[in-house]
Amino acid sequence: MSATIDKSPAPARRFAGLRREIRGMRAVMPFVLIFAAFVLLALLAPLVAPLDPNSQNLLGRLKPPGTTARGIFYLLGTDNLGRDLLSRLIYGARISLSVAILSVVLSGTAGTILGMAAGLARGWTETVIMRLADIVLSVPAVLLAIIMVAVLGPGFANVVLVLALTRWPRYARVAYGQTLSVANMPYVRLARFMGAKTPRILLIHILPNIIGAIIVVATLEFGLMVLFEAGLSFLGLGVQPPTPSWGAMLSTGRAYVATAWWIAAFPGACLFLLILSVNLIGDHLRDRLDPKSR
Amino acid sequence: MTSKRARLTVRSVLSGFLAAALLGSAATAAMAKETFTVDLVNEPSSLDPQKQWNPDSYYVYRNIFDNLVTRNDAGEIVPQVASAWKQVSPTEMQFTIRGDIKFQDGTPLTAKDVAFSIQRIIDPAFASPQLGQFNKITKAEASDDKTVTVTTDGPYPVLLAQLTKLSIVPEHVVEKVGDDAFNLKPVGSGPYSFEAWQRGVSVTLKRNDDYWGDKGPFETVTFRAVPDASTRVADLQAGTADLVVSLDSDQAAQLQTAPNAQALTALTERIAYLGINTGKPPLDDKRLRQAIAYGIDREGIVEGILGGEGKVVGQIVSPAAFGWSDSIEPYPYDPEKAKALIAEVGDGAKAELQFATAPVFDQRIVQALQQMLTEIGLKVEINMTDMATYLKAAQGPRDSQPMLSFGRWSCSCQDADGIMYPLLESDSAWSRYSNPEMDKLLNEARSTLDEDKRRADYEKASELVKDDVSLLPLYQVAIIYGASKKLDWQPTANESLFLNRMSWQGE
Amino acid sequence: MTESSQILAVEGLTTRIGVNAVVDGVSLAVNSGEVVALVGESGCGKSLTALSIMGLHPAAARIGGGSVRLDGDDLLRFSEKQLRGIRGKTLSMIFQEPVASLDPLMRVGEQVAESLVVHGVASKSEAESRAIDMLEKVGIPDPAARARQYPAELSGGMCQRVMIACALIARPRLLIADEPTTALDVTIQAQILALMKELRREIRTAILLITHDMGVVADIADRVCVMYAGRIVESGDVASIFAQPSHPYTRLLLATIPKLSGTRKTRLNAIEGSVPDVSDWPVGCRFRTRCPLADDACEKMPPDFSVSGDDTHRAACWHIDRLSEMDAMGEMA
Amino acid sequence: MSDAPLLKVEDLRVHFPIRGGWLGGQVGAVKAVDGIDLTIEAGETVALVGESGCGKSTAGNAILGLAPATSGRILFEGTDILTRSPAERRGIRSNMQVVFQDPVSALNPKLSVGRLIAEPLTIAGWDETAKQTRVDELLDLVGLTKAQKSRHPNEMSGGQRQRVVIARALALSPKLIVCDEPVSALDVSIRSQIINLLIRLQEELGLSYLFIAHDLSVVRHIADKVVVMYLGTIAETGPTDAVFDHPTHPYTEALLSAIPLPDPEAQRAKAALILEGDLPSPANPPAGCPFVTRCPIRIEKCASVRPGLADTGHGSRAACLVKVPDASLNAAR
Amino acid sequence: MAAYLLRRFLQAVVAIFGVMTLIFFVQRLTGDPTYLLVPETATKADIEAMRVSLGLDRPLIVQYLSFLWGILHLDFGRSYVQNVPVMTIIAARLPYTLELTAGALAVAALIGVPLGIATAMWRGRSQARGLMGFVLAAQSMPTFWSGILMMMVFGVWLGWLPPSGAGGWKNLIMPSVALGLLSMATFARVARTAVLDELSKDYIRSARARGVSTGRLVRRHLLRNASIPVISISAMEISQLLAGAVIVETVFAWPGLGLLTIQSITGRDFMVVQTIVLLGAFVTITLNFLADLLYTVVDPRIRLTGTPG
């Protein structure tokens, strides 16, 4: 087929893209800052939290924001056990962020490796991995969570593990699809022709070219992981009390919607802002890196 | 061939689902004015009174059936189906049956039905979950229409208390339709008769206008399953429910400001306690257990968290139960003494203690307990699992039983035997304690009909519990219902929900 | 061409993408019944010129100036609605990738009929029957059956015939064909070119042909505009342009084409360097960086058009007088 | 070294199975390459020409081991590659390299030019300094500067990218380079540059090329021998001049005739031979001569007898029952 | 095509079998329902007797084989807790699940898809950013939280809708919205990408060159072409909705399978759990299968080549 392809608008489109990117980046900048602020808060929790997040004051329960009880000032009020909401919120950032980040990293890594393996190896490996992904996707995550907690005991690590175990198929599917298309690119076939071994092909030729799509999925998943952790907390299967996580705080606070709105409102707002910013950043990345993927 | 068959069956299953879908959505009926709506936590698992053991089923079926004997609002055992009873020998008790009771199908209730009900529940083949409560009974015989004799395998002081839980089922119906069909459409002699069970949604009862005793105030009653407490409160506030169960003190506080709702509370026979694994280091050290006893601020919990709904106790036997002793005082809250005891133990106290719990327990209390123990210098980790996992561990081998746990015990029999024996006798499933002296006291007390001796034994046992801190009693639990302001009803210690003891104000 | 009326007159058309004028002051005209070729290499702005005329330039592009007169009306002042009224009816366009240019999920006949339907020229059923006639006219065997098929069921050549049918069914005054044969094999290209020549005679539609292939130009065009880096550098009658290329670029372009009658293993003439990117088009004459005749004058100012040969042949170069020097250089090849 | 030709291909067939039916069994085959022979001597350029779908690229891929050969022999310096162990094949094939049509997709966009060119060396285990020296040499050889080593493909023009591809192909000093449409994606002015580069490299390094192309004018310039393919088979083959000056097979004739000449007078004067219809599906080729469906001079026999190659009297060989009566003698199996 | 479908079917059977086996063994690792069924005062002997009567004392492999045997006869066993055939329970709950899923899907697709189309068509404009912000905001709240808020506002304060339970269409609104909001974002996103994708294709340009108006362009050309990714996401989202229903049904006391799932899992009602998982796997796989079939209806290219174009 003859193909002297005239792409006259192409270079122009590229520059327009660059400008759009800068303009777009400006639009998400506040959210990048919010995310960064949360990360900072999480890292510096012991320094910035005014009080011990677990220290209870049973006679100072459910105090509204700005109350002073027993000589202690509670900027955001106290929760149902008289703990300082602000301090718990600050420490909660640690848990919520690290659960999300760790589970995204774990499931992302596992899913990407498996998806790439399936996409490159095809045949049996492909069938086994992708059917396994189907199986995992059709088992309710709650069931897995309960089983994991029952077998391995509860706790932070298991929450992360449950999330990683249930979410890897998402990445695997994307990595698989992307690998299939990249593996068909002439440069990959050429590398093979030149005698490159599979690890080299995966690492040098495939991974760098699919990582954009994976990162986009990861940003979406990040928000979902935060929500999932909250859901597990609601069902009593999240991180163990008294460790604060925003999800657990929100889940506790919902019982006090009418009597002590602040218990739920503050973690709810934080959760909302966190997910919103990561999603917006992700959407931006998607438009930039990967206009074709879901 | 297999695939063909699989496809066929898949299709038939699917069409079945679809048909059910259409029927299901069409069958929802509007509520009549005379309908009283109760929000339970879960739907009843079964309405055969002898085939299950859970509160949500009990709330419902107890209104369909009459029991052999029952308790009045003051907690005393009073006649119901049996009008009188007497101990004819240490192992035999004879009951006189009322003659004016009719089942809801019009058939009179006779001594034969009573004997049948007892024989049915103690038959191992029937596999009643309640078997353990009645397995001291070896047989029940009706000598005429009005007399039933119950025989036990030894002197059994708790017999009467256990029989408050025995519902009388109609022999002729059960024999005729079988256990399964009876479960789906139960017939009893109680103040309400079974109307409909929309599985997963609600159970509807209808007033039995021929009831021999106090008749119910509502024509129909609907029991719904609403698992989330916040939702139950919302239902109550929105007026879509008239009575909701299982609230905690904070949820009750929410009702104080509501114009149309109120909280109804009663102290129950339940005692909240901190379970301790006394057979495993470091808690095999009595000093450490005493430190725990001194380190927990029970007043703080009751006043601070429970809003005063509850009563601090020093013994595991409830004030509402036989065997309660007025003379046993709780440990005082003394964190300094606790710390001193821990310092005395030294390094052993530094081990991490797993505090097992499940979502059904009040997490506010669990977290408060954990924090208090942390403050006196112990390392306590909360270990929350779902209930089944928790129970498996709690009733498992001594070694895997939790170091610490929080429980609220009730035997529904209001007798120290049902409380102390399962919790403290060496071989009992729940026990994490092993002491020959305790075993002797408990075994003697359960095999004599001499009430004074029993009372003395239990007092001694309670002193032993306190001294040895075999477990740590915390407070007597209050049960909290949310109800419409118009409802007049006094909940009782045995957590029963007798519709015919309620009344509706106004209009 | 004599006394033919002018259909399209583009004057100083400038289209910018961002700050770059990708189309920079392009002027060209098409007379009725005439085939005008707009020739150039990738990135020279020829496709964007065509899209700008249609008002179909991408959202990122902005028309910066000039006029596009179709039968005297300036299309640049038309509203989107007015433009829609013209597109497909007075002014049609076909594209490079025939398969991709057809809606994969719509039957071929319906797509051919669509112009008639959207312009209210014919009822749906009438349009469909006219579509079948049109399909027959573009040489599709068994047109009634083909009309019910989907694009994926047709070959690339067939698809391009369908595209032509789509474009010509409303008998437009002007057809803009953007590289209509580039994606096709030579034998199919020959078929399509023959078809276009035939239809042009029959329907008397003028054609603005965008291409990079001088062979195609030589085959079908009446007049030629050569475009380089956003500007028209030379325009004139086809015979004159080929016989007497008057811009160094045109001259080199023609010289670089390998000849079927050439000799083996000889160096081909080549234009040094590569087409500069839009973002760094040279100031002054844009070809100067690759031009053997370039000097300081070329850098100072973009050249004006000067007439070469007959009055329709014009080229924009400061050094038309020195073109003969190139012949000497060309000989070395 | 023996007298064996550098590459000899005998009766090469590449059939791709078509799976279908309820059990996914093979229900047919796409006969992409259906029995071709060719010979490349050291230092020679053999062109494989034909339109899309004729199997020329598949043949190239089969020689390179990028597509599985169904049957036949591929002898490299007398050794049949197909009968060797994978390790031996790799050893033999390190003497072959490939240049693909599209330099964009042939280069991993994430690697720098330096790393791209060094890749075969890295895989072969060269040490860093030797690698860098060789890369610099190669850059120089293909006309790129050292400064461009750190660039990424997307920062380069099409011609520069193709130079990178060529440099990489040369890295391990191969004897044969399969050039699969190496200039089709390039602009005319760049095309000549690359052709010139290929010719120069052949002279300097004594390379052999298997030059796969559809553009016959380019082929005329670069090839010593031409193999014209149609539907997986060879229609005509011979020395370039013989084939171009005396095309015998009607397909060759049509192909040559279809190329528009960049000369309006000559082009318009030329008697065009326009083929009817499209290429038949290689899954279901005609029973006799593959070209029978489109042939302007077919006779009855053509539908049933599949011609073999026979001498045309001009030094070339063609497979046409009408033009070369001997073709029926070699009629295929 | 046929071969492809058969292969998919066989893989589906294997996958379902895998799910079943996995669930069967794995859930038995975590204890059994006996403890939950007996009174607290039960002795070890009582518990053992109960276990025998439930058949849980048998070796695992025997239980597994009898479970498989049952399934072959379409006998899904009896619920340990409710003591009735599992099918009775599921048949009672399924209609509610279908109602809720349909409601949520309607909320998600009927709001999400137009939003996605609008944001794609208006790309770069401020309306698009506003709409996208709304979509993102909707998916940034845990359902148990948005659920209770809605319940308080519409159920308690305004009194417009019943806070919980099933019954009339009014009961369906809040759970559907709570459940649908999360998926709405997915639909919007996919629809947006699909439309943007299609907008960049040549045929759109050639349709515009034919004088086709934006409305007709969307109706006649874009929607069908962009529907393929939307169809495939629908299949995936339905199974996501089934999973998400666990929390929504708990919050709104909606008597569907989600609530039954969590109740059965925590109650260790093995037979019910197994059947639900089986049903879930079946539905998931069937939906994907149906989505594939639907493509072939929508897209003639797939009918021709057997692969999505």
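First chain written, first letter: the chains are A, B, C, D and E, and each begins at residue 1.
Here is the rule we use: a residue touches a chain if its C-beta (ideal position, glycine included) is under 8 Å from a C-beta of that chain, and two chains touch if they have at least 3 such contacts.
Chain by chain, the UniProt names read as follows: B = ABC transporter substrate-binding protein; C = ABC transporter ATP-binding protein; D = ATP-binding cassette domain-containing protein; E = ABC transporter permease.
Note that this is a predicted model, so its numbers are computed, not measured.
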Inset, instruction - Could you tell me which chains make contact with chain A and chain B both? - result: E
Legend entry - Pair of chains ranked first by number of touching C-beta pairs: B-E
Inset, instruction - Indicate the whole-number Å distance between the mean C-alpha point of chain A and the mean C-alpha point of chain C. - result: 51
Legend entry - Between chain B and chain D, centroid-to-centroid distance (C-alpha), Å: 86
Legend entry - Centre-to-centre distance between chain E (ABC transporter permease) and chain B (centres being mean Cα positions), rounded to whole Å: 36
Inset, instruction - Determine the centre-to-centre distance between chain C and chain D, using the mean Cα coordinates as centres, and give it in whole Å. - result: 31
Inset, instruction - List, in ascending order, every residue of chain B touching at least 2 other chains. - result: 230, 386, 388-389
Legend entry - For chain D, residues contacting two or more additional chains: 52, 187-188, 214-215
Inset, instruction - List, in ascending order, every residue of chain A touching at least 2 other chains. - result: 1-5, 146, 150, 235, 254, 257-258
Legend entry - Touching residues on chain A, where the partner in the complex is chain D: 1-5, 185-191, 193-196, 200, 204-205, 208-209
Inset, instruction - Name, in rising order, each residue of chain D that touches chain A in their complex. - result: 52, 64-66, 90, 93-94, 98, 100-102, 105-111, 119-120, 123-124, 184-188, 214-215
Inset, instruction - Name, in rising order, each residue of chain C that touches chain E (ABC transporter permease) in their complex. - result: 54, 56, 59, 84-89, 92-95, 97, 100-106, 114-115, 118-119, 150, 152-153, 163, 166-167
Legend entry - Footprint of chain C on chain D - complex, ascending: 51-52, 157-160, 187-193, 195-196, 199, 214-218, 220-224, 240-241, 244, 254-268, 272, 274-275, 278-279
Legend entry - Residues on chain E (ABC transporter permease) engaged by chain A in the complex (per definition of touch): 11, 14-15, 18-19, 22-23, 26-27, 29-31, 124, 129, 132, 136-137, 139-145, 148-149, 152, 156, 182, 189-190, 193, 196-197, 229, 233, 239, 242-243, 246-247, 250, 261-262, 265-266, 273, 276-277, 280-281, 284-285
